[in-house]
Amino acid sequence: MTEQLPIIIILGPLLGAVLAAFTGWFRPRLSHPLVVLGLAISFAAALKLVFIVADAGAQKYWLGGWGEKVVPGQKEPFVVGIQITVDYLNTLLLVAVSGIALLTSVYTRRLVDTELAGRQRYFYALFSLLVTGLLGITITGDIFNLYVFMEIAALSSYALIAYGRGRAYMAAFNYLIMGTMGACLYLLGVGFVFAKTGTLNIDNVSAIIPALLNSGQSQALFVGFVLILLGAWAKMAFFPFHGWLPNAYAHAPTAGAAILAPLATKVAVYTMLRIMVTVYSIEYIIHSPGIQSLALYLSSLAIVIASFFSLTQTNLKKLASYFVLSEIGYMVGGAWLANKPGLTGAMVHVVADAAMTSALFMAIGCIVYRLGQAQLDDLKGVFFKMPVTMAAFVVTMAALIGVPPTCGFFSKWYLIQGAAQAGVWHFVAALLLSSLVKAIILFRIIEIGYNRVPHPAIEGNPAIPRNEAPLSMLIPTVAMALGLIALGLGTSTLVNTIIAKALPAALAP
Amino acid sequence: MSALPIWQFDVLLLMLVLLFAVVALSIRNLMGAAVVFGAYSFMMCLIWAGMGAVDVAFTEAAVGAGVSTVFVVSTLYNTGATMQRRTGGLAFKLFIGVVVTVAGAFLLSALPDFPKWGAPDSPVNATVAPYYILNTFEDAHVHNIVTSVLADYRGFDTLLETTVVFIACIAIYSIMRVDNAKLETDEPAIVAAPRYDPSDSLIVRQASRFMVPFMQLFALYVIAHGHYSPGGGFQGGVILGASLILLAISFDLKFLLRQWSEKTLMLLVAAGVFLYAAVGLACVFMGGNYLDYGFLDSVLPGERDMARSHGILLVEIGVGITVMFSMIAIHINLASNGRFDRGL
Amino acid sequence: MEKLITNFNYVIVVILMMIGLWAMLAQKNLIKKCIGMPIFQTGIILFFISIGAKNKAKVPILSKFVVENSSAIIVNDYANPLTQILMLTAIVVGVATLGVGLALAQKIYQQHSSFDEDEILENQRK
Amino acid sequence: MNTFITAAGVALIGLMLLVLIRAIKGPTVIDRLVAINVIGTKSIVLLLFAGILFGQLEMFVDIALGYGLLNYIVSIAASRYYQHRKSLEPEHSPGGSPVS
Amino acid sequence: MGFLGYILISTGLVFFLGTTIGLLRFPDFYTRMHAAGKGDTLSTVMILLGCICLVSMSWLLALKILLIINFIFIGSPTATHAMMDAGNKAGATPWRKDSK
């Protein structure tokens, strides 16, 4: 049965969603456990595959059994069907996506019951379909199939955002326009690559491309590359296309934002990495220095601008959205450094940032659940009111800043190392600036939440009653925060056993 | 010029299509824009038919020209088709225009790299595609190569495509549906209730009543005959859906909802996807890979190739069910403003 | 220049896509944006179908004659089926996106009585 | 025969272009609707012509049939819009709130 | 038989020319509708009949084209009626000889 594991990763949430759509009409209470079950199956399969991949290398799975066939007139065999691949590059992200989705699905139960009362018939189905799309983008080995998964993820995220009502409709509409534009640009780029190579399978394409580049037919491939890149950038809200993200995530219901914010953008970053590292080669990146320096400047700019705007925000959800934006700058910059530590940093950071953002939004969700809103000024005394949640929050912020034993520190360390090695000092400066800004914000929140009220432990001051979020929310939050530390401690193992092997061999050490 | 069979048509139609696109965007009344956009899709479909892409043309005729125009019209029905004349914003439009022009020039810079239009030995035509053409009958006993590639070689794409329709349906349902019992006060109904006068549409009703059975018969033929001629689950499903939409339009939404309740519709939408996914899963239990219908030969009649052929038919039926009921549910949601009582 | 004439299709494709893209980004009216979206998409679809077209090729459906007499199938007699399948999927995805966009636009209109982006933003600021 | 069909098709497209002028000029939406309806019907004919030129008419007839049916639905839907709403809105209102 | 086909298609094209001119030149919605409704249906039907005569085809195929003709014969006038009704209800003003 192990050879069926890759497809089980997709089928778990897909079938869970379809069944949840059925039960939504008969036994609405049953939808949630079904989705959780599907995600759990998916997570188990992904976890098992990590070990298989670490032992035996990349696993390929051919849908419908249509594998490599000899085509008349061609020397090499080509894959005629759709292939899904689990290799060193995506196996960790698969675990991260399915694991975070599993925890979040447990976590959202109470939030949905209160926030979306009476309208939650299809919420879990859409939630599960979003995860299906994200897992699919990560696992697929076919560039067109990736587009379809992209649209699955996108359509369900528009619906999840629109659950927020009011301003969320406009935010979702803007996201729809930007998202469709991104997907279309991606599809067009795929068209350009397809026109020159004639196949859609990532392995086959990457085998053909070097010969085409050497024979001087590179303009169409270059245009295709740029188009795919722009598409991925629009999907991940990278600097010139970032306008939709803060509104979309801030106006989405908290339960929706908790799954969208950590995963949607990270998977788009993965798409970019996949195209850069596997489909085109890293030499291609190095030999097209024009875009390389442009991308690096853009990522520095993205970090700086997002940091600046995060300083001016008064809403916790919006603040966190700007954090997401600046983290995207990290990953894009790291990838475009195109050297070993830079790429390692980017790959680690994709996983680490998914976990950090998830923990952040979970903590914010707990606060929203109890306080009803997330304005910074309303946080007075929140440290006394919800000490466990706030402890998790502080740990998460520490990880975002990059304090040692957490995972944020290690990925950032790799990134800075890579930038120093490539001599891109503006990127180093942007990274440090962003950490500084996050530290300032953390201290501001501590100031508001801890210092602005009289300390209740001191005699004579009014006691502030403890009022934590319910356990079904608190436990995932704390688990996620502890996971950040665990991930930090395990970083070197992960890098040595898996990520180091995902790096292209041609890369200078 | 290329020597495609009918390049004269192609060149003229391409010009016409550009004109339609510009007209659709420049008409200031949104109803006008929607209708011209429908005609744009018709033209597009002719172009594709002219290039030999009959299935694509069929889909575009059913979807682009037919159903999506009806969707736009029903949206406008609940809102309004007027556009305010606004001054200003010209600088922004010009700026975007410049950006877009630069992007276009960038795209055109790849032009010399492309193989000649219609060259049979271009990479796209010579790399993987010959395999499908040569082996489809042996592998799946299907005449229409497009059907076999769609549902078998690249069947996973089609499963996901069906899922996309399913998602769109439940997304629109969750966005639009409002509880009739407690209409929110913060979302006032802009539109006054439409005046419905059953006496004014006798001719339309009788003509529709005459046409609907033929449409449904034709749609079933399209689904079942998809192995031999253009068509398949998707096109047939859209036409089936369109036939019921026609009933809803020419009679009344209630007329449709009496036969197909909200619950039935939404359950059937999910049922189609479930059927498709379950057929794939059955292949896994029979020992093959996901969606490998060849392994169903012990339950379906015939050898492996016939099992594939029947497997394709099964999943096409699944696609048809999902698409049909999605189209109806989307139309009802858009036309009745999520109230499921009356509308276009 | 010669390339420009032989690849006339691609030029139209690019113009079409850019019209759609311009409409999606520059138009202030939500419905016009929604209409620009499929125009962009059909441009892409046309591009794919164009690269799969073959001179003097028939539609990709095997005739009964070829199948029954098991005569050799000549590849160049049939248009490329692969691009067509990809674009079938793209069309479906396009209409799904259009539907969701229209639903959102309708909801926005209910709140603001307008499809105009500027007016909606003004309303939201109040 | 093929030359004749091609010529007839080109003539049809030319006439469709003229009909399009009515769709552009308006003046009211319902005029555009009429013009588009005519173009839609003629597309069916063009589709059959394409089938004849391909020599595979049997593949194109189904599409033409579907075409005709859907064209009818669009026309009915668009005319229903005006039958129910009962006002031929001006092409644009002079600013301010829309009339609806 | 083929000769009949040529004649039918040519006549159909002439009728379509009439439709187009009518659509462009008539002064108001109702008269344009008159040109479009009648000329369009007739010309389409004629061209389709011409196709049946011109191309040698199986009975099934001919039957399908006859089915298309049937649908156009029912659908097109109904659509015309609906649009006319829509124009009337929406308040399209008829042209009078004395109006400018």
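Lettered A, B, C, D and E in written order, each chain numbered from 1.
Everything that follows uses one rule, which is that contacts are C-beta pairs under 8 Å (C-beta built on N, C-alpha and C of every residue); 3 or more make two chains touch, one makes a residue touch a chain.
As the structure is a computational prediction, the values presented were derived from the model and not from experiment.
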item: Any chain that touches chain C and chain A; value: B
item: Third chains touching both chain D and chain B; value: C, E
item: Furthest chain, CA centroid comparison against chain B; value: A
item: Chain whose average C-alpha position is farthest from chain D's own; value: A
item: Pair of chains joined by the greatest number of C-beta pairs in contact; value: B-C
item: Chain B and chain E: spacing of chain centres that average the CA atoms, whole Å; value: 28
item: Averaged-CA centre spacing for the pair chain E and chain D, given as whole angstrom; value: 12
item: Distance from the mean Cα position of chain D to that of chain C, given in whole angstrom; value: 19
item: Per-residue overlap in chain E, given as positions that touch at least 2 other chains; value: 67, 71, 75, 78, 82, 85, 89
item: For chain B, residues contacting two or more additional chains; value: 5, 34, 52, 54, 67, 76, 79-80, 83-84, 86, 107, 112, 114-115, 122, 124-125, 128-130, 132, 134, 154, 157, 160-161, 164, 167-168, 171, 175, 190, 200-201, 204, 208, 211, 229-230
item: Multi-partner residues of chain C (at least 2 other chains); value: 17, 21, 25, 51, 58-59, 61, 75, 86, 89, 93, 96-97, 100, 104-105, 107, 111, 113-114
item: All pairs of touching chains, each written as two labels joined by a dash; value: A-B, A-C, B-C, B-D, B-E, C-D, D-E
item: Touch list for chain D against partner chain C, complex; value: 54-56, 59, 97-98
item: Residues of chain B defined as touching chain E within the complex; value: 200-201, 203-204, 207-208, 210-211, 214
item: Residues of chain A touching chain B in the complex; value: 4, 7, 11, 14-15, 18-19, 21-22, 25, 61-66, 69, 71-74, 78, 80-82, 118-119, 121-123, 125-126, 129, 132, 136, 144-145, 148-149, 151-152, 155-156, 158-159, 162-163, 166, 169, 192, 194-200, 217-224, 226
item: Residue ranges of chain C in contact with chain A within the complex; value: 17, 21, 24-25, 30, 33, 37, 40-41, 44, 47-48, 51, 75, 86, 89-90, 93, 96-97, 100-101, 104-105, 107-108, 111, 120-121, 124
item: Touching residues (chain side chain C, partner chain D) in the complex; value: 58-59, 61, 113-114
